[in-house]
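Next up: some structures, all given as structure tokens.
Both of the next two complexes hold chain A, though its partner changes from chain B to chain C.
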Partner chain A sequence: MNYLLHILTMIGLSIPNILGYNLIFGRGKFLHFGPIATSLFSSYAMFLTLRETGNYLSAFFVGLLASLLLSSFFAWLALRLESDALGILTIAMHLALLSVVLNWSSLTRGALGLPQIPRITGMLSLPVFASVSIVIALLWIFFMVRVHRSWLGRELSALAENRAHAEALGINRARVTLSAFLIGGLGATITNTLYPQYIGLLHPNDYQFSNLIFFILCVVAGGPGSVRGVVISIVLLTSLQELIRFLPLPLGLIGPMRLLFFGLILIIAVYIRRKEIFPMQRSV
Partner chain B sequence: MSLLSIKSLSLTLGGQPILRGIDLEVEKGEVIGVIGPNGSGKTTLFNVLSGFLKPTHGKIHFKQTDMTGMAASERARIGIGRVFQNFGVFREMTLEENVLVALEALPKEQRLVLGDLKKAVHSTLKLVHLEDHAKKKANSLSGGQMRLLEIARTLVSGKELFLLDEPTAGVSPKMTGQIADLILTLKKEGKTVLIIEHDLPFIQKICDRVIVLDVGEIALQGKPDDVRHNGKLKELYFGADPTD
Partner chain C sequence: MQLLLNALIAGSFAALLASGLSLVYGVLGIFNMALGQLALVGGLTTWWLVSILSLPLPLAIAGGILITALTTWFGFEFFVAPYYRRHRFLPLVTTIAFSMILDGLILVIFHQEPKTIDVGTRTLLPVFDALISSQQIVLIVLTILFLALLTWVLVKTAFGRRIRATVQHPTAAESLGIRSSLLHRIVFIVSGVLAGFAGIYVGIDQNLTPTIGFAITIKAYAAIIAGGKDSMKGTILCAYLIALLEQLSIGLPWFGSYIPSGYQSTVALLVIILVLLIKPQGLFGSKTRIA
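So, the complex of A and B:
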């Protein structure tokens, strides 16, 4: 029972962040590899503030602000750079932020992470935490479905398919791009407000490249831009990720095996969906 | 005052002059044919007018406003509509979404005038007899249907100046007639149209004036009949008779 609740919680917690990323990478086809960088920046801003002030509300707003700021920066890059350059630079940002967190030990405690993250009062028990996560995830799914069906979803698709044709209709690329990245940043903040509370620890290992791979995997396998597909793939892949722990493997092998396994699924998924991920751009 | 005024417009790309000192005044309600051999700069001229390329020299005024430095999306919002040589519909979107996305991009005042956007979408599709395909992806359409959809979408978006780049290219002869009719509808509604076209009879049927581009310059202009029978036209096409 507890294990089921744990898996449900993990699924619920993943949904805001990954569905937000799906809007940018899946629907908008931006080669953006910075969602984990945003998460890392947001959660350290949030929980360092919490450590200093002890006030969850102000900590949340600092985390949100950090997330929206970095998201705006990524949107600005996305508007100015070609796709490949955006991909490389966002990966570089992720790497840079990770190394700041790991090396600025006096502030972040480096590889030890920030321990004893308290849960908000009222969310102490697992059933309550699981329920809250699921409810928030459901609300976010509802919100994302609305977004995808709105002008923003359509304008993202139009720009992704042909930028010139979209702009010739009067679509404002800056507004669309910024909106998508800000929604992604909001999703990242929601996930990262809850996840460290759940495990009671803010740890840099939860913000490694393997997490980015997992995000990309969920979006690609679920069908880029499809809310339903990505939710299904989050449910299946999160369950799988948790269940791998039960394989009769030596402890040190579980991590690498998981990475190898997910890498393999990713390769297959990318191959199957190559046309959707890298759509043909037609010129003017 | 003319609706569109182009003054000594030049464009150099990679050291290569593509447009060379183009002067053109377009009055409101005029339908102007733009012809010329392949590579003479017709599409490039449209790209400069739509805001995809910045001119090296010269000024463009639209409705008395200098729009030389304006972004493409802003030009669309002040009334310039473009129909692309390579089909400007979004193939991965449904027909309905294709029209809706255009209407949603309009300035707020214009959207309010249209009222219920869903209804406007329906009447747009009806105008070109595509209402039964509303939920289908645009990639299921024929070339002619895509072109009709694109022109109708631009018409309903309340554009004033239409830039049509080879609207009959890649279209079956049967559909060409429908496209000509739709362009005549534009004309009847007082729209101003610049149309790139190779089909001279087609041009003669719908245009008030023809300009002939050659290596980035206006080599010849006048009434369609006069241009057609001008010996210089055949010369420009290197002896090939463009009428057959």
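So, the complex of A and C:
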């Protein structure tokens, strides 16, 4: 039962961040590879503040501010750069932030991470934590469905398909891009407020490049821009990721097998969804 | 002087990788995110042929390059060819999948321990007040010869003219009888072979850790973005320039104290960020319309 609750918690915790990323990468077709950088920046800002002040509310707002600031920066880059340059630069930002976290040991404790992250009062037991994360995930799904059906979702699709035509119709590219990235940043903050509390540790290993691959995999496999599809892929892939731990393999082989397995799923998903990831412009 | 020599050594490695990447981007218009893993394939298979099968070094290098070329060809056929004509950004995602699969295979076969290609006793030679090993001199000279050969092929031969014609106008080149699909395969495999040489270079000079594939790829991207995606000369020059900056950043005191060596790799990343923000087309790239 506890294991089932654990999987449910992991699914609930993944949903806000990945659905936020789906809005940017899946719907908006921005080649943005920096959601883990946003998560890393937000969570370290939040839990370092918590360590100093002991106040969860102020720590949450510092984390949110950090996330929104970095998301605004990424939105500005998306407006300024070609798509492939945006992809490379967001990866570079991710690796640069990770390098700072790993090397600034006096502040971040480097590779040791920040231990003993306390849970918010009232969320100490696993059933309560699982329930809270599932309720938050359901609320976020509802919010994201509304966003995708709103002016923002429609204008994002229009810009992704043909920027010049969309702008000629009066769509404000800067407003739409910034809104999408800020919603993505909010999703990252929600996930990263809860995840370190759940495991009781904030560790740089949880913000490695492989986590980004999981995000891309969920969006591509679920159908870029589809809330329902991405939620289903999060449920299936998170469960699969947890179940791989129980394969009868030597300990050192589990990590490589996971890479192989998810690499194969990713290429199969891209092959199936190749017409949807970067659709060709329609001609009249 | 030692810092300059170190920059020359590190820059030669990055230049090998980045020149192949620049060639692929120029001809196919795509980025290959599995380049670092292909470098590891070259280095680690050469290590295996030398250390496990006890082959002589030249034969092992030839074997390592052959295996890298075949792996690159396989990668092109399954992870690039079905996608790059549909949309040029698709290979950015598919080659990430290729890099994951290669990473997984490399970890299963070679495990996590660092490997060094054994080339016998290292003799250190003094150059002014610095030291350099004879192997490092050979590696630097070979790299410069490789890059000169590549430039000669591109500029002086009929094959190079075909490549340049395809870069300038793919449709016109095809209408003149140039088989662009074959050319794309050759160029992609050449970039993999250059990466394989870079992997062997690191394996001889330092050591190969099976988990550094992605860091290697980013180092090559730093050079290509700083130099300009359409300028191979700029890319090669920037590979050396970034290596020099890396050495200067940790080798000299800044405001009275040294920067910890852990930040060395961050320098390349900062170069990418700064160049893209200030001059998005790169230091030597031509001005094109951007988003």
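We take it that the second predicted complex is superposed on the first by the 280 of 284 C-alpha atoms of A that agree within 3 Å, B and C clash if a C-alpha of one lies under 4 Å from a C-alpha of the other, contacts with A are read in each partner's own complex, and residues count from 1 in each chain.
Keep this in mind: a residue touches a chain if its C-beta (ideal position, glycine included) is under 8 Å from a C-beta of that chain, and two chains touch if they have at least 3 such contacts.
The shown structure was predicted, so the numbers you read here are calculated from the model rather than taken from an experiment.
Participant: Are chain B and chain C a fit on chain A, or do they clash, once the structures share the same frame?
Facilitator: Superposition check on chain A shows chain B and chain C fit without a clash.
Participant: After lining up the shared chain so the two structures overlap, which partner does A:Asn162 touch, if you call chain B first and chain C second: first, second, both or neither?
Facilitator: first
Participant: In the superposed model, which partner reaches more residues of chain A, chain B or chain C?
Facilitator: The larger set of chain A residues in touch belongs to C.
Participant: With the two structures laid over each other on chain A, which partner does A:Gly170 touch: chain B (first), chain C (second), both, or neither?
Facilitator: A:Gly170: touches chain B, not chain C.
Participant: Does chain B (first) or chain C (second) touch A:Leu31, or do both, or does neither?
Facilitator: A:Leu31 sits against chain C, while chain B stays out of touch.
Participant: In the superposed arrangement, which partner chain does A:Arg154 touch: chain B (first), chain C (second), both, or neither?
Facilitator: After superposing on A, A:Arg154 lies in contact with chain B but is clear of chain C.
Participant: Which holds for A:Val220: it touches chain B only (first), chain C only (second), both, or neither?
Facilitator: So A:Val220 only meets chain C here.
Participant: For the superposed arrangement, tell me the lowest C-alpha distance between chain B and chain C in Å.
Facilitator: 10
Participant: In the superposed arrangement, what residues of chain A touch both chain B and chain C?
Facilitator: none
Participant: Considering the complex alone, what residue numbers of chain C touch chain A?
Facilitator: The touching residues are 31, 78-79, 82-83, 86-90, 92-94, 96-101, 103-105, 107-108, 111-112, 214-215, 218, 221-222, 225, 260, 262-263, 265-266, 269-270, 272-273, 276-277, 280, 290-291.
Participant: Could you pull out which chain A residues touch chain B in their complex?
Facilitator: 151, 154-155, 157-158, 161-162, 164-173, 279, 282-284
Participant: Of all residues in chain A, which touch chain C in the complex?
Facilitator: Residues 31, 77-85, 87-89, 91-93, 95-96, 99-100, 102-103, 163, 209, 213, 216, 220, 252-253, 255-264, 266-267, 270-271, 274-275, 277-278, 280.
Participant: Across the complex, what residues on chain B touch chain A?
Facilitator: Listed in rising order, the residues are 43, 47, 50-52, 71-74, 76-77, 81-82, 84, 86, 88-93, 97, 100-102, 104-107, 157.
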